[in-house]
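Consider the two complexes below, in which chain A is the common component and chain B and chain C are the respective partners.
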Partner chain A sequence: MITNNKEPLLEVKDLKTYFFTENGIVKAVDGVGFKVYQGEILGLVGESGCGKSVTAFSIMKLLDYPGKTVGGEILFKGENLLRKTDAEMRKIRGKDIAMIFQEPMTALNPVLTVGFQISEALLMHFKISKDEAIKKTIELLKKVGIPMPEQRINEYPHQLSGGMRQRVMIAMAMSCDPILLIADEPTTALDVTIQAQILDLMSTLLREFKGSLIMITHDLGVIAEIADRIAIMYAGKIVEYANKRTIFYSPLHPYTFGLLTSIPRLDIEMKRLNVIPGIVPNPLHFPEGCKFNPRCRFMTNRCKEEEPQLIQVEEGHLVRCWNIDKVAEEVKKELLVGECEYK
Partner chain B sequence: MIDSLLKVDNLVKYFPIKKGVFRRTVGWIKAVDDVSFEVYEGETLGLVGESGCGKTTTALTILRLEEPTKGQVIFDGRDIVKMKKSEMRKERKNMQIIFQDPYSSLDPRMKIKDIIAEGILTHNLLNHQERYKRVGELLEKVGIPAENMDSFPHEFSGGQRQRIGIARALALEPKIIMCDEAVSALDVSIRSQIINLLKDLQKEFNLTYLFIAHDLSVIKYISDRVVVMYLGKIVEIADKKELFTNTMHPYTQALISAVPVPNPDYKKERIILQGDVPSPANPPKGCRFHPRCFKVMEICSKIEPKLIEIKEKHFCACHLYNEK
Partner chain C sequence: MNRILRKLFSNTTSLIGIILLIIFIAIAIFAPVIAPPLSEDHYIIPRMSWDINPQPPGSPMSDEIRDVYDYMGAKIKYDRAIFGTAEGGYDIFYGLIWGTRTAFKIGLITVSISMLIGLFIGSISAYFGKWLDEILMRITDIFLSFPFLVAAMVLTTVLGRGLDKVMIALIVFGWMGYARVIRGNILSAKEETYVMAARALGVKDNKIIWKHLLPNTIFPVLVEASMSIGSMVVTASALSFLGVGAPVGYADWGQMVSFARNWIIGSPGQAGQYWYTVLYPGIFIVLFVLAWNLIGDTLRDILDPRLRGEL
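Take a look at the complex of A and B:
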């Protein structure tokens, strides 16, 4: 699915989004860059506070005070979104780029019917009558698997279950046939069986729309299933960027490696979980040098002094680390892969 | 396996639904409906199910933080449901709980040393000096430097707070600890720290865990035996390995197949269940899973299957296995 020879649909270059708080400047996103091609699914992975959601909000230009994008470029079909006016952004948002939020209960307006909320975008972006918009809304709800859509359009969000609400969110995002979809932890609030339904629905719809998706999640399982390419974020920066197989089989950043060996999983029997010691650093006081160095088992003096750059180690595999060789050795020894003991 | 430390027999917990000016009871939420299982000494029993299946209510009812509607809970040979309040308070010394949310489960106005020492004080076990010495030991045990004992909860991160919650549960040297989604709210890198800590403590103090979680990967890693619940009922109980290799109940099969595995080449057939979990106020007739079941038969909507031992130590409540 990955096509390298074409122009990327979205290219984020050296994005910097800072929050100017009373206590100081929080560099939530500090020099993030990636490309998304047509039809591709990019997974943006990291723990809470690593800046993955802020990246998404920066692309959509939905940041609230005190957050501000202070540098970089967001090229969407070759045009820099950061230079667009609010009015121009409104035409793009929802139509070309749409977003699915994590918490469907807070993302939907509780005092408006779901039908109204979905048809709102349609009426705004297309010249169609109300009746046509409602007809299209019913079609959309049918497509995302909501039974009896004719009645559901007159219901309010609280009358729907969590899974149903997330389906409504997806219908809303898909309503204007966007070519880029950003999903911010779309299944985190859901139960596993419902999560399976929603992931299944999303991949079916994506295949149909031939659109691209940026999937933001902390769940490596979800990412293994859905993504083509993966960017691992830590403390506002991308620390590793590669295609899915490379990330899971031959990671080169200690953080990626640590994450992969610290999760309990169904496919292999694990004796003892690996541990990444310590905690995510406070964004007001990031450590000097490599931001991961206080938690890193491969740490050397250089890591404390000098911050590594994101360097291409092979075609399409970028890593931000000084000790790639040592990590590679350990990965070979320790990373368990693929023997499916339980079927 | 030795004797059972905890035996839950036909445990029932209904919550009334009240309506109108006079708060008349118009129905019942059948949160836990006739649940029986045993927990053996020194083991970790995993209790898994989706939200609303009654797993937390089960734990709270066992501790009598919620009064059971019916049923028996035999702990250490005595039925704690029949105990007086004062007796029960003493018995809780042996049964502790770790909660899901490390933010709301610690009193923000208490120093952590007082949070941890509260149980020791209530049960009048140690004098002032010994008490705080013990708190210091407990903190070191869970990986927090003892000199931080005068701090308040807000000074700690989520993972550290969960460690404080664990120290509090350990303070009275309990026999059993209920871990109610104790690692669910934590980030990936912190979660493995806490899971390893719980395992180490279990070995050191010979603890018994009732480990409640919705995440099957965690359950598979930490449990010895697993209980699967659906809508207030137990659908399957088995040893961990047996449950994952020889899954019987269609719901358990669907649940396992739905878990995303962090392995790009892990091929499996995913069973996608249709619809949502029904409301426990009005559960379906017959087998509660039948409206979503992919192996549904005629009998399923009429007669409720009983939980029976189909293989040695493998219990399942499904009509598929009843004919034999």
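Take a look at the complex of A and C:
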């Protein structure tokens, strides 16, 4: 469901969020930009520490000292969130933009009942009575597939399983019918069968209220299942941005390519699983030129000297690389072999 | 909560503490029955004689005193010094029974108010951080740098005699511990994801502190509070003993010990002759402090997962 002709719901332009630490400035997010249209699911993919969560927190303006958004614009429904005051932001958080966290074990307060935590947001954003809030809470729990919601609302998080807790988190996030949902690795802490259930639930709910979702994950399987458009992040920058089909079929950035070849495949004979050599660079000392160059198999001298810009190679496909042609060739040779059909 | 209560009652040490505490509470509640007051102000210890020397346990009320009460038309419901009399004929038994009320008053009021102050300062300091934290914690440091007893003594002397003045002094120099403890706990708890989750839902700061953070962090403070109820009473007694506490004749344990000051060693040739002047008040104070400490200890054992062996 990709439409380009209407206004984006959320537009992030050249977002820069730095951490001012004692050892120096950490450029966690350095010039990230993307658009999210209504009803669309954007996947934000990258390794740990590449800045995807920081991007999410910057949008919500939830970063505390020493983190600070130093530049860029976050246009939500045409209004710049970075200009909003704390009180204005508080009205937007939970009501218009909600967030689902990675660890359902720690994202719920252990000493408060599930019912209290869900109805809290309702009572905050709407003028309703406690009884109505509880009624709505029970409905929400029913919607996210929790059996016996009337009893569950009086239970504490430790009485629920991991999957249940993530359902509660989703109910919390959905409680005020937000138009934009940011999910920060919502399925990482769950096992695979539960992951599938949760993803199913999320896409069903999203379709129901026509909301948008920013899905942050490092799991390409999750992304393949749910996303419309994908932004691949590396070292605080977006390195490739395209729709799902393009990313999985014809990636043009060596990092995306590396990620895809690191997925175990059942359809072709492989002696060893591919890996991307090296480690994530230290954010205090990023390499000169392209930040991916020390780990890149297509590296040339130019990569060491000059940082590539995010260029548009075709409609809706942006890549940050000097050696697009070489990558495209390799993709044809290595990635698109075997019988496996990507969906 | 039920688990905590169950553990408190199933543990021998805490059971002793609870039984002692129940006895003290009963004494405080039934004080008018156990030691019927003779004058209008119930906290004034009646005198059993005008004699400066302490009288041994069981001595009857002297005739002169009886005449005075008769003259005033008061009904004498109580005319024997069961635990003897202290210096100046003050009835030790009456002083101790009504002193129990004083002890509870001092302990509970000072501890609860200083805990509230400490919680407030500690939690906003930790939650908002930065310069506010810096300022509040430096103020806390200043207060902490005074030796507690000396500071309380000086302040009581400045404010004047009286139980309320003692309590004010104890509160002014007693809140810092709670502030420090709650600050540390909130500093670590506010990094938890559930705080971020609550903020992401648009919950207000004061509600996050009050509903999300304090319930998760308050237990160590409660342990400290229960322990310090006893020590507050000891400090108040010490102030009374030093003569800056409750006014003379006011039913207060420290006062009773203070009456014994000149009689502790007894008279020449009869060491320990006036043992009752110091022993009975001593027993009351020790048992009261012991009761709170036993309960506090058990509370800490229950609430500290490291001591519980679960981590």
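We take it that the second predicted complex is superposed on the first by the 328 of 343 C-alpha atoms of A that agree within 3 Å, B and C clash if a C-alpha of one lies under 4 Å from a C-alpha of the other, contacts with A are read in each partner's own complex, and residues count from 1 in each chain.
The definition used in the following text is that contacts are C-beta pairs under 8 Å (C-beta built on N, C-alpha and C of every residue); 3 or more make two chains touch, one makes a residue touch a chain.
Note that the coordinates shown come from a computational prediction; the quantities given were computed from them, not determined experimentally.
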item: Chain B or chain C, by number of chain A residues touched; value: B
item: Which of chain B and chain C A:D200 touches, first, second, both or neither; value: first
item: Which superposed partner A:K91 touches (first chain B, second chain C, both, neither); value: second
item: First, second, both or neither for A:M270, with chain B first and chain C second; value: first
item: Which superposed partner A:M60 touches (first chain B, second chain C, both, neither); value: second
item: Set of chain A residues, in rising order, touched by both chain B and chain C; value: none
item: Chain B - residues contacting chain A, complex; value: 50-51, 157, 159-160, 187-193, 195-196, 199, 214-218, 220-222, 244-245, 254-268, 270, 272-273, 276-277
item: Residues of chain C defined as touching chain A within the complex; value: 129-130, 192-194, 196-204, 207, 211-212, 215-216
item: Residues of chain A that touch chain B when the two form their complex; value: 47-48, 161, 163-164, 191-197, 199-200, 218-225, 244-245, 248-249, 258-260, 262-267, 270, 272-277, 279-280, 295, 337-338, 340, 342-343
item: Chain C contact footprint on chain A (complex, rising order); value: 60, 62, 64-65, 90-95, 98-99, 101-103, 106-112, 117, 120-121, 124-125, 169, 172-173, 175
